[in-house]
Amino acid sequence: MDTDVYVHRIRVRPSESDRMGVVHHSRYAVYLEEARTELLRRAGLSYRQIENAGAFLVVTDLVMKFARPVRAFDEVEIECRITSASYVTISHEYAVRVAGQAGPAVTASTRLACVGADGRPRRLPDEILSVVGVT
Amino acid sequence: MDTDVYVHRIRVRPSESDRMGVVHHSRYAVYLEEARTELLRRAGLSYRQIENAGAFLVVTDLVMKFARPVRAFDEVEIECRITSASYVTISHEYAVRVAGQAGPAVTASTRLACVGADGRPRRLPDEILSVVGVT
Amino acid sequence: MDTDVYVHRIRVRPSESDRMGVVHHSRYAVYLEEARTELLRRAGLSYRQIENAGAFLVVTDLVMKFARPVRAFDEVEIECRITSASYVTISHEYAVRVAGQAGPAVTASTRLACVGADGRPRRLPDEILSVVGVT
Amino acid sequence: MDTDVYVHRIRVRPSESDRMGVVHHSRYAVYLEEARTELLRRAGLSYRQIENAGAFLVVTDLVMKFARPVRAFDEVEIECRITSASYVTISHEYAVRVAGQAGPAVTASTRLACVGADGRPRRLPDEILSVVGVT
């Protein structure tokens, strides 16, 4: 199991703020997905290759806690790490911080399951199992 | 060619406003798509059936002019009509109004082309050609 | 505390499906918000009026479990009810179903807190407290 | 008038593809906004500073032509340049390319107008006028 922390950096897009000038809570799910996709890419695993091989990672559980707002144009750091994995699931934890701030704006966790193009559960591809340390 | 005007009604979602409290300009493309999809549905044509038959309508041109803002929670009317059609393309015009206001907030036009699952141009399904008056 | 269930109905927009043809998981947060906003409206409370009076409801906690996919163009029913409330918070539970299907596609819960325009916690407006049964 | 071309690079987010596996046409408006915001930032102008000073750039016209699809996970280059400017408006042109492909996937143009917090037209801040070459 890979417990390394990957920190993904993005800048909040103008379109991602709402009428209070802060990032709409639904957007963080998109940021988390971008961070864990990039975490895999850094480990040499391309989602596109995985999907071309007929394996899709779908979210089964999402928990998010919002402690403080993030604003349009803020630079954001998304800490992302794998917390557990099995032959069919991978769990991640996340902390989203505005660059330079101490406490996280958002903490979150997700659980992914591997499915085939038909939507039915299937074993994770060996390349992923190797990265997440399940053998 | 069907020149009937269909008026589609939606209420702006809280998440669709930006930091100025108004609908982000990119959102109108989504509203227009919803309106023209519903226009076809009223004519007895389901996008899902069309897509299951292997025909997809992709946007090739989009023009939007923004005259005044629309706000979160506003009720919006989207006038939509087909302005021309051929064996492979359909063009629409739109006017987006806040319910009760005279002048349109947004005017727009789109041109769609029919493609197959492989992304290559193909003839529109006969059911659509019949609705749009190309025979 | 209002334990009535409100059922909100929407049709999935074409733009809300992802490359697997199913609704992206981040979108459900938007559907839940639309449902709870409409629940309040049915009780005679307009978010716009509340916000114009300087009170904003921000999400502090979001939990979602995804059991089965929802597809583009599906008609969806979002069951929404208030499960608890205090002078500053309101909690909701939700079940999202494809019309005609028995089991929910998604179950979820949220906790909202009331803040002022400055982002600091404040007491919920009396009109809301009365609807949610906190007196 | 600044006719320099700025090339902005992004990677398509998984959530930005639709059921055909390609970027939904509405998303490009978001990419264009990110590109022109970054173009100004490279010239030393922060949107946040401009907005804090009470000036907002709103889109009045958007034209997009879609020549070929962009797919989830593609790396995209957005060429962006200012084509004309006045005391109250700025126009941009764009070409969106998949990295490594010759022809653009999307070409576009926008016209922005400067408004105050009240939504009424106002003169562009001097810092912008200086960057865009209107004096």
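Each chain gets a letter, A, B, C and D, in the order it is written, and its residues are counted from 1.
Keep in mind that, in the parts below, a contact is a pair of C-beta atoms (placed from the backbone, for glycine too) under 8 Å apart; a residue touches a chain by one contact, two chains touch by 3 or more.
Given the structure is predicted, the values throughout are model-derived calculations rather than measurements.
*Asks:* Contact counts by the stated rule: is the higher one at A-B or A-C?
*Replies:* A-C
*Asks:* What is the chain whose Cα centroid lies farthest from the Cα centroid of chain D?
*Replies:* C
*Asks:* Indicate the whole-number Å distance between the mean C-alpha point of chain A and the mean C-alpha point of chain C.
*Replies:* Here the centre of chain C sits 23 Å away from the centre of chain A.
*Asks:* Suppose each chain is reduced to the average of its Cα coordinates; what separation in Å results between chain A and chain B?
*Replies:* 33
*Asks:* Quick one: which residues in chain C touch 2 or more of the other chains?
*Replies:* Where chain C meets two or more other chains at a single residue, that happens at 14-15, 19-20, 26, 29-30, 33, 72.
*Asks:* Can you tell me which positions in chain A touch chain C when the two form their complex?
*Replies:* Where chain A meets chain C, its residues are 19-20, 25-27, 29-30, 33, 51, 56, 58-67, 69, 117, 119.
*Asks:* Spell out the part of chain A that touches chain B in their complex, as residue ranges.
*Replies:* Within the complex, chain A touches chain B at residues 14-15, 17-21, 24, 26, 72.
*Asks:* Okay, in this complex, where on chain D does chain A touch?
*Replies:* 13-15, 29-30, 33-34, 37, 46-48, 71-73
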